[in-house]
Amino acid sequence: MSERRTLDVSGLPPYEISNQAPLFWGQVLMCLIEGTLLCMLIATYFYLRLGIDVWPGPGVHPPGLTLSSWALIPLVASCVGSYLASEAAKKDSRSGMLLGMGLNLSLAVIFLVLRALDWNSLNFTWASDAHGSIVWTILFLHSYDIVADILMTAVLIVIVASGRYGPRQRIGVHVDSVLWYFLVGIWIPLYGVVYWAPRLIGASR
Amino acid sequence: MKRLIVLAIAAASLASAHDREPLRPHDLWLAWSLDPGIIIPLALTGLLYLRGATSVHGVSSKQRLYFWAGWFLLCIALLSPLHPLGEALFSAHMSQHELLMVVVAPLLVLARPLVALLWGLPFRWRRTLGQWSKRVAVQRSWRFFSHPMRAWWVHAAALWLWHIPRFFQATLDDGWIHSAQHVSFLGSALLFWWSLFYAYGKVRYGASVVYLFTTAVHTSILGALLTFASTVWYPAYVATTSAWGLTPLEDQQAGGLIMWIPAGLVYVIGGLFLFAEWLRESDRVVNRRSYARSGEYAA
Amino acid sequence: TLFSLRRRHRSLPQETLERLHQASAGTEAKLRTAVAIATGITVLILFGLTVVSISVGKIVSASMAPAGSLTIEVTGAQWWWKIRYANDDPSRILQTANEIHIPVGQSIAIRGNSGDVIHSFWVPSLQGKRDLIPGQPTYEWLQADRPGEYRGQCAEFCGLQHAHMAFWVIAEPADRFNAWMDHQLEPAMEPADEQSRRGREVFLKAACVLCHAIRGTGAGAQIGPDLTHFGSRKTIAAGTLVNTKGNLAGWIADPQNIKPGTHMATVPIQPAEMQPLIDYLESLR
Amino acid sequence: MTPAATEPHVYADLDVLRQTWSSKPGLFGWLSSINHQEIGRRYILTAFIFLLLGGFEALLMRLQLAKPENTFLSAGRYNQVFTLHGTTMMFLFAVPVMEGMGIYLVPLMVGTRNVAFPRLNAFGYWMYLAGGLFLYGCAFFNMVPDAGWFSYPPLSGPQFSPGKGVDAWAQMITFTEISALCVAVELVVTILRMRAPGMSLNRIPMFCWSMLVQSFMIIFAMPAVMIASTVFLLNDRTLGTHFVNPAEGGNPLLYQHVFWFFGHPEVYIIFLPALGMVSSILETHTRRQIFGYPALVLSLVGNGLIAFGLWVHHMFATGLPQIGEAYFTATSMMIAITSGVQIFCWLATLWSGRLRVTTAVHFVFGFIFIFVMGGMTGVMLASIPLDLQAHDTFFVVAHFHYVLIGGALFPLFGGFHYWFPKFTGRMIDERLGRLSFWLLFVGFNATFFPMHWLGMLGMTRRVYTYVPGLGWDRANMAATIGAFIILLGGLIFIANALRSRGSGARAENDPWEGSTLEWEAGSPPAPYNFPNLPVVTSRTALWTPVAERSIVVGLREDRREILISNVLDAEPHHRSVQPRPSLWPLLTAFGFSIGLAGSIFAFFWYYVASVLGMIGLIGWFWPNRPLEVDP
């Protein structure tokens, strides 16, 4: 039996809760996909704008600034919760994870309520004209993502609270935070497009 | 550390208000800018580098080449007839901006001229500046904004916001706003390119390629929007383009195309350059590992 | 080259694999030079082709119809062509279908439009394609240097009968073109004989008038092709059939059989009325 | 599996490894499998079935066009058939088959035990299968799309395409896109983070590079087609939005821009893996390290980057700004440079190597010949004046079949012959292989070469018939005859594969003396791929003498432990445990599929998809019993 040279890896950590975990990489790629999707919608918004003289169409009020701008505060603040949760996941602190995710969840729900109120105040629908179609699509897709991540956070809270979690679930908490940063970050340009573009490039071209 | 040069450029650009009278074709070759507000900072930067690069060791000839190429093109962009031409033609204005953002900026970043520029300064100034740059707040904020992802956003925001018609229009009416535009274009481009090359060292060049690629895509989308628009975005050019044989719409299309295709090509070349460096680096690093060192099959 | 390469290598004796796996540095350097040169040549060729292509494009666009030239508006419809000769004088605006007459040696402006889906206007022997897009006009120009008849066809898939959406461009000397134009501008000819007169009555009584126009009669609908000078056209149903009495009879009797899916309705015509109708339509020269 | 005693360099308990990594037995095990080999094989097999369907549709078209005014197919039927042909070949065959090859080969080539996200992998396959079944299921219920594989509105819009055919088409795209995106994500992470120690970036096998670039292209391109098909088309049709409706401010050209922003990269998504296969085949068969490795990698990356700047050249006929022509032509020409570099590097490899000619090499030669021709017509089409003549004619049909069949299908067939021993454990019959090659090669040229001529004569695409007397008759007949030669070649190919799989000679681990790691694994590989993960010390890993290479020890065998390594130099970074087989990916895919399929009838079904999908995902991620806790 001939001997072979070996490379022993048993000393390496058996898991990693950081940006080095494969799951984190998968999440980043998913964010790239979703980001591409939303950026294409921004491009669509401007392309549609090019073909129309009055934007938004006659009788349509541009989406209101007040509620949407106030809503940014809980949204951005909720990232603090995500940050706390992911740091706690790295340190394996159950209470920290629960605190962080709870904070994140409650602020996200506040944001969602403000979003719903604001959305409800639009005086156009997706079927009004091209402007209505693209604005509703942006709002719908982003809200869909937000709701999905809120549900994911809720499920993680249940898992962590029940105590039945291991390193894999802690990586989940970390990655959930990453997804939330993305959803908050991508909303900034989308907010600019939906709420400011009609005012900046609406009347005169 | 890049902010020094940003300041220098800022000073240079602040005075770069466009002339009031639009340029006509027969004046083209005589329309060099003699604005001391631009010439002096540019000349000063050149002198400082000349002085510093001789007194400090370790400035490679490649770096010198990059610096002088970047410096020369910066002079061309800001002093040559291209500048006043940008008052008459949107496409010329776009060429000037792209020159700053995708040619001058990467060249200056590759030259890494800050040390040499510092050494060009008198000793006491150098020490004060050095101390200032070592402050925690300065270091921290630099680290924050030089993260490639943030630099990406800063550059993207600068690009898109300035092309909003009323903002772009404002740059043509007011010299100060115009300077602010040039500073933010060049400054954010320097930040962006710097972050791609140096933020993490060569280890992350792969990520840099993705940042470059996505920048190429979003700028080309902006260029394509300009190209396919059926109306003129910037009314200031309506009156001046016909002297140059273009309709305002054609002028705008040409501008959009410059942003889309030649600039996009520079991004592609930059991406490939980084990618090649990344591969080379991996070869260097892997051969440091005893278990993985290649024997006679050296690649 | 490839196959000679193959033979060359097959005839060589096997060497030890270790020596083969890594070519010598000298070979590699030689190959590198060769590949670099080949790539350089490729770039040069492509550059040359680009320059040629661009200059051809310039030449093509240089003969674009100047402002004020004869303008023809072409509107694509599922599956025929509406042709309108624009004119500042409203009395000289001509509407016809599926056949474009143009004067030889003149650059004609084409303004393309579509009433339903995207079509593409293409006369292979005269000019490249231009899509006809609903809601936004596109522009093209045509010039025939020799008199003749040129076939054109829809080049963008436009539904069921995309295959049967052809037209003819007929290039004539200027005087003959002008004569044609003057003639076409006139209303339809009065029927010359009893048979045709009966045919006109059949036409005006039947559902034909719901879609078709014949100037000079009561028929003025704009849904289908204008038939004022139908008899003078080369083909029936957008290039589907040669314009003969027999084909016309078949077409009117059962259009769905000849061009399945066509929007031309099957209009019930008594057998006894068919012949007069055909005679009338064919007399509309 | 041979006992450890005869494998001197195994430091692992194979029985434990096998038990850990095997799928469960029986039907349940089959449905819950998350093994990359099984799923890769399923992808390939399913894709080949769709290839047969698409080929059958092609034959129907060729029969209809054999002579003028033919009545074999009605106009409506012909439009359905060419729509299904294009859709099947692009979405249900070409992309998935390349993905399948990647899923099967990449973990073996980079020296790991599975893909990064095995459950996602299974989910992706089920979505793909569901999408294919959905499209053909709808067709069975007479909901057949007939607006072309590109479905330009307004023709595909609610007004001009009533019925549910186009909706089925649009939603099928969603299924296949989800699948392709899943594969892209897992391959990127597998290639970047799970490589064997020592496999630094500049030692990654060319095929893996091509899959990496392709995966990134999928990530950036596929969202665009989802926007086009679902957001624009489906919503306009079912919800009454106005994205492409010119009457309400929409724009039909918007659809074309977004569709081709995807559609052009799509060609390279299909074609890049094929380039990787050619490099692999050539390296092994010339028995020299592939020439110009950095140039090849850079040209792959360059291809990927430039491909996103070319979409407009599908839209020259829509009337673009005159001033842009020079730019568009120049960019379109540029893509020829990167392809040229690849070809030259392969020629250099051939020139300086000692070639062994097998069926796989035949297919590679066929590829080079056909692809170079397709590339030349591609350069012609980049010229705008020429394109305006050739666009939407049979010239273009000829061009892209030269590029896609020559550029992707021939290398794929070559790769199929090359890796057949790895897939099945048996050698494929060489004589029949060569026979099928020559029939395919001759048949291909007989079919598609005359189409150049037809296009020059003005025969437009997508016509169900043509009138006699235009000089198109003979070339069309020739093309139809050629199609039957292709059929014959294809049948022999299938027969050969089936026969060799059953009774071919047993294959050794490394029958070709290959250079990359997959040849170190068994033929077919054991469920754990490698008893001990290999360590790589050169670009041609297996050509390094065994004595100079190490193997990895210290990974636990009693659970699905893998090694995560650094991106740059594949230095081991940490260990990671992969999930066990599960039925949840299938159930999740099932829930999504029901909802997506229903959504072409009512928006309500999107909520069904969301709820079912969410339940599936919760089950998927719910902590296992017993909980995996680390010491």
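Think of it as A, B, C and D in the order they're written, each chain with its own count starting at 1.
The rule is simple: a residue touches a chain if its C-beta (ideal position, glycine included) is under 8 Å from a C-beta of that chain, and two chains touch if they have at least 3 such contacts.
Here the structure is a predicted model, which is why all the values come from computation and not from measurement.
Chain centroids computed from C-alpha atoms place D closest to the centre of all protein C-alpha atoms shown. Chain pairs A-B and A-D differ in how many C-beta pairs are in contact, and the one with more is A-D. Centroid to centroid, with C-alpha atoms defining each point, chain A and chain D lie 31 Å apart. Averaged C-alpha coordinates put the centre of chain A at 51 Å from the centre of chain C.
Distance between chain centres (mean CA atoms), chain B to chain D: 40 Å.
Looking at chain B, one finds that residues 210, 228, 230, 291, 297 touch two or more other chains. For chain D, residues that reach two or more other chains under the stated contact definition are 192, 197, 220, 251, 257, 289, 322, 330, 334, 535, 540, 543, 550. Residue numbers of chain C whose C-beta contacts span two or more other chains: 21-22, 136. By the touch criterion given at the top, residues 192, 197-198, 200-203, 216, 220, 257, 289, 293-294, 297-298, 301-302, 305-306, 308-309, 312, 321-324, 327-328, 330-331, 334, 535-540, 543-544, 548, 550, 567-571 of chain D touch chain B in their complex. Taken in their complex, chain A has these residues touching chain B: 5, 7, 32, 39, 43, 46-47, 50-51, 200-201, 204-205. Touching chain D in their complex are the following residues of chain A: 1-2, 4-16, 20-22, 25-26, 29-30, 32-34, 36-37, 40-41, 44, 47-48, 51-52, 57, 126-127, 129-134, 136-137, 144, 148, 151, 155, 159, 164-169, 172.
On the side of chain B, the complex with chain D involves touching residues 203, 206, 209-210, 213, 216-217, 220, 224, 227-228, 250, 253-254, 257, 260-262, 264-265, 268, 271-272, 275-276, 278-283, 285-286, 289, 291-295, 297-299. Interface residues of chain D, counted against chain A in their complex, comprise 5, 8-9, 11, 116-117, 120, 181, 184-186, 188-189, 192-194, 197, 219-220, 222-224, 226-227, 231, 235, 239-243, 245, 248-251, 254, 257-258, 261, 532, 535, 546-547, 549-556, 561, 563-564, 572-577, 579, 610, 614, 618, 621-623, 627-631.
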